[in-house]
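Following: one structure in structure tokens, then a few remarks.
Chain IDs A, B, C and D follow the sequence of writing; residue 1 opens each chain.
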Amino acid sequence: MFSQITLPATLGNLRQFLDFITTCAEKQGFCPKRVSQIELAAEEVLVNIFSYAYSEPGGEVSVTCGSDSARLLIRFEDSGIPFDPLSKEPPDVTADVSERGIGGLGIFLAGKFMDEIHYRREKDRNILTLAAAPKAESEVSL
Amino acid sequence: MELNSRKEGDAVVVSVKGRVDALTAPDFEKYLSEQADKSEKSLVVNMKELYYISSAGLRAVLGATKKLKEKRGDMMLAEVQETVREVFEIAGFNKFLKIFDTEKSALEQI
Amino acid sequence: MFSQITLPATLGNLRQFLDFITTCAEKQGFCPKRVSQIELAAEEVLVNIFSYAYSEPGGEVSVTCGSDSARLLIRFEDSGIPFDPLSKEPPDVTADVSERGIGGLGIFLAGKFMDEIHYRREKDRNILTLAAAPKAESEVSL
Amino acid sequence: MELNSRKEGDAVVVSVKGRVDALTAPDFEKYLSEQADKSEKSLVVNMKELYYISSAGLRAVLGATKKLKEKRGDMMLAEVQETVREVFEIAGFNKFLKIFDTEKSALEQI
């Protein structure tokens, strides 16, 4: 779900753009402080466009507001020896069969199939998190 | 945005209420500049009821600070709300602005 | 909303862990192909823990599955001159008042208040997207 | 996981069904190794009904490929499903494995 507003790129439309954006942020449940920070960031971008983007009057700005989908997160915790899988050299997948060692592909495959891998050591635990983002059609893209 | 001022000894105390954004900043800038001229030395800006400031507002404050500097005066802020204070801090303005918890403590420093 | 399973770190528990994870991914609406890729990534991590994490039997693995919150995305589009705000040098915020130029803080502030800024030029348009992630308590953290 | 094999001239055709993961991979590895020994030259593995393979399965395939290499034979895969094929490709195994659309076209290549 996303909404859009398109107006001429002039300072006179600043408030209307910002109202549109803060309403969207409030609906998504951001706290007032965060909404204010988001508003400031949006103002900075808009004022720059108003001031610098067009050499002649008549230019427009479109603002699209919405959210992306939540990611799936899978977190693995163990209290084994400290091991950061991200510190491993990736295997040489261009090597021919005779130069291939047995093993060493597991972490590499996991990395290829997930959108993100994060590792941290916390107290005496290894915490590894995999994240997968659904690629939905109806969302605002970056 | 609402602006007020009064004289207090060598200083001028300005209070600004509401929002300073790109729309209101030009008036704020002009007002601050005039008050900086009027002041013998320093300017205290009470921000108790200022809820929002963006880079356009920072520019106004910077301009007035430079002006005061010429007559060896200071820009002093008092009763700055958390969100507004954060903007000043991120921009590194706390390096050359004095920020006070109360207007009174600002005036005592002059 | 997230769920958790904790079992001894042995290969005999692999299927139970994977069933738990694929059920979670399916519930979140991932297509079968993506579920299979997620399963593979999870297997690689689990088998590594089973094989290498503990020098003595008795160790455990906890798996937590869930999602993070959707981010707010705000996209600005204009057809003005090409301008990548990310290419600007950040201002020196440690400079004293006499060395400060007027301006140059807008983009910097926007960047500080948002979690992400992305820019791309597409056809004759500037597309700038700001993203803000809510910091909810009840989600799986990375 | 289900495993079957038959002899076809100089080659052995193996078919593997279901999943090859860390649990089933040891059996798969042993079976492939035995069939590689039995074969005069090459091994064709029909993967039409293989739905899942992880790195443990890749290890088994790599081991058998090395073994066949010693007698100048090839490891040939036939009718590989898309998700499984992707795993082989990401691991770069398509460099030394031959992947065929049908079992027939694999056998014709021997």
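Heads up, the rule we're going with is that a residue touches a chain if its C-beta (ideal position, glycine included) is under 8 Å from a C-beta of that chain, and two chains touch if they have at least 3 such contacts.
It should be emphasised that the depicted structure is a prediction, and the values quoted were computed from it without experimental measurement.
S.K.: Among the remaining chains, which ones contact both chain A and chain B?
M.R.: Touching chain A and chain B alike, sorted by label: C.
S.K.: Once the contact rule is applied, which chains count as partners of both chain B and chain D?
M.R.: A, C
S.K.: With contacts counted as defined, which of the two, C-D or A-D, has more C-beta pairs across the interface?
M.R.: A-D
S.K.: So what's the Cα centroid distance for chain C and chain D, whole Å?
M.R.: A distance of 37 Å separates the two centres.
S.K.: Chain A to chain C: how many Å between their CA centres?
M.R.: The mean C-alpha positions of chain A and chain C differ by 6 Å.
S.K.: Between chain B and chain C, what is the separation of their C-alpha centroids in Å?
M.R.: Taking the mean C-alpha position of each chain, the two centres sit 40 Å apart.
S.K.: Where in chain B do residues touch at least two different other chains?
M.R.: 54-55, 87
S.K.: Two or more other chains touching the same residue: where does that happen in chain C?
M.R.: 37, 40, 44, 47, 106, 109, in rising order.
S.K.: Once you've mapped the touching chain pairs, tell me: line, ring, star, complete or other?
M.R.: other
S.K.: Go through the chains and record each pair that touches.
M.R.: Going through each pair of chains, those in contact are A-B, A-C, A-D, B-C, C-D.
S.K.: Under the definition above, what is the set of chain A residues touching chain D in their complex?
M.R.: Residues 92-98, 100, 102-103, 105-106, 108-109, 112.
S.K.: For a test of understanding, state which residues of chain A touch chain B in their complex under the given definition.
M.R.: 11, 14-15, 18, 33, 36-37, 39-40, 43-44, 47, 50
S.K.: What residues on chain B touch chain C, complex-wise?
M.R.: Against chain C, the touching part of chain B is residues 54-55, 58-59, 62-63, 65-66, 69, 87, 90-92, 95-96.
S.K.: So in the complex, the part of chain D that touches chain C is made up of which residues?
M.R.: Residues 21-23, 51-52, 54-56, 82-83, 87 of chain D touch chain C in their complex.
S.K.: What residues on chain C touch chain A, complex-wise?
M.R.: Those residues of chain C that touch chain A are 2, 9, 21, 24-25, 28-30, 34, 37-38, 40-42, 44-49, 52-55, 59-81, 83, 85, 106-107, 109-111, 113-114, 116, 118, 126, 128-132, 134, 139-142.
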